[in-house]
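First chain written, first letter: the chains are A, B, C and D, and each begins at residue 1.
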Amino acid sequence: MSVKVLYFAGLREAVGQSSEQLALPAQIGSVGQLHAHLVARGGAWQALATAKNLRIAVNQKIAAVDAPLKDGDEVAFFPPVTGG
Amino acid sequence: MSVKVLYFAGLREAVGQSSEQLALPAQIGSVGQLHAHLVARGGAWQALATAKNLRIAVNQKIAAVDAPLKDGDEVAFFPPVTGG
Amino acid sequence: MKISVQSEDFDVGAECAALTRGRTDIGAVASFVGLVRDSNDGAGVARMTLEHYPGMTEKSLAEIVEEARGRWDVMDATVIHRVGELRPGDNIVLVVVASAHRGDAFAACEFIMDYLKTRAPFWKKEKTPEGERWVDARESDDRAAEKWKG
Amino acid sequence: MKISVQSEDFDVGAECAALTRGRTDIGAVASFVGLVRDSNDGAGVARMTLEHYPGMTEKSLAEIVEEARGRWDVMDATVIHRVGELRPGDNIVLVVVASAHRGDAFAACEFIMDYLKTRAPFWKKEKTPEGERWVDARESDDRAAEKWKG
């Protein structure tokens, strides 16, 4: 399946991109597995592993690491919010 | 001594006046004594006795019934406030 | 600090802007506007007359704001209360509080309103279909003011 | 209900007036404006850039307002949050809540701000004399949001 992955704020700067369309290997079915898959790229992607209080949203709703993924999902990684 | 007495809102309407300058008999030295003196007028002045939660201010500050009076004081009687 | 008792209407935006103009140390402005409602205690309200105690009113509002300043980080504040004849939908009262932080701005603004309701010498008279009546003080207002004690 | 994420400034007075226009059942309008301060965590702030997550931001703001509506008597509400580049003294966020009674207006307005601070996907980057830095989330904001739980 294919998902759209978004990065925001400090995490966007750390990984050097704001979004990517990603075709996932068959064994990746959850947010946590996607996260591990991205961290495994190494280099700048370590930022996803070291980020304090990483937040994850699936289809624009906050999601837990065990949330399942399906084709066409939009997955966002970002630091704790600081608006207002 | 002489004091200025003010009445507000429902109490003003009940006693039929908004203010009066009053020369007090020598034995009247406190807010409570002034209150009794006014109630003793009878008729409409009974409103001062029957008013629920009557508030009293001396020189524009909320005062208790035992507050002393001096010449030139401004004494106000009014019901609980309802602004805002 | 600005305290005003007036018959004219006020402009919320202008009063908020006046508090922050030329300053860059204010992070939070909380404001409250009270308006005349078309019904109260189950009766329709066609008109309202607000009486006050000139002199004491301004003093008591200033004291309430000073008490708020003593409790919270209040950088500046404005209180405007209208008197005279008002109609449903009209503004009655405005409280604006500027602070560095939002918690202080919210608390001070609500405190000023709660104390104003129970301490500032204003009285409302409503015109309803059954005639005119002086508004009774509410126990709920006393309770609101009590919560700031202690 | 009005939710807007925009780069343009807003007008507090106009937004408050829009909520009450043509209505006579609203007795209380509480509002909050958050502004850029010239210092934060001990450093001077010359400029701030606000990033957000388009789409999710609006949804999360609408959800927060809906949650407030479920808890208090909220007749109408407006939330406007600016994005892009801002300077000290600039407005960042506006929350306005209209209700029949002041307690509901104050509570709902503060609740929306506290939840916005911890849930809506906005991120601030500050320019200080030492360079640019992403603002860290505050524990005090988490505590402020926690107080509405349970």
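Basically, a residue touches a chain if its C-beta (ideal position, glycine included) is under 8 Å from a C-beta of that chain, and two chains touch if they have at least 3 such contacts.
Here the structure is a predicted model, which is why all the values come from computation and not from measurement.
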Notebook entry, point to check: Considering only chains other than chain D, in their present positions, which groups are joined through touching?
Noted result: A | B, C
Notebook entry, point to check: Which chain lies the greatest distance away from chain D when centres are computed from Cα atoms alone?
Noted result: B
Next item on the list: Starting from the mean Cα coordinates of chain A and chain C, work out the distance between those two points in Å.
Entry: 48
Checklist line | Averaged-CA centre spacing for the pair chain D and chain A, given as whole angstrom | finding: 26
Item checked: Shared-contact residues (touching 2 or more other chains) in chain B -> 84
Notebook entry, point to check: Can you list the chain D residues in contact with two or more other chains?
Noted result: 34, 102, 113
Notebook entry, point to check: So which chains end up touching which?
Noted result: A-D, B-C, C-D
Item checked: Residue ranges of chain D touching chain C (in the complex, touch as defined) -> 11-14, 16-17, 20, 23-39, 88-89, 100, 102-103, 105-106, 109-110, 113, 144
Item checked: Complex contact set, residues of chain A against chain D -> 6, 8-10, 12, 53, 57, 60-62, 76, 78-84
Item checked: Of all residues in chain D, those that touch chain A in their complex -> 34, 50-53, 55-56, 59-60, 81, 92-93, 113, 116-125, 134-138
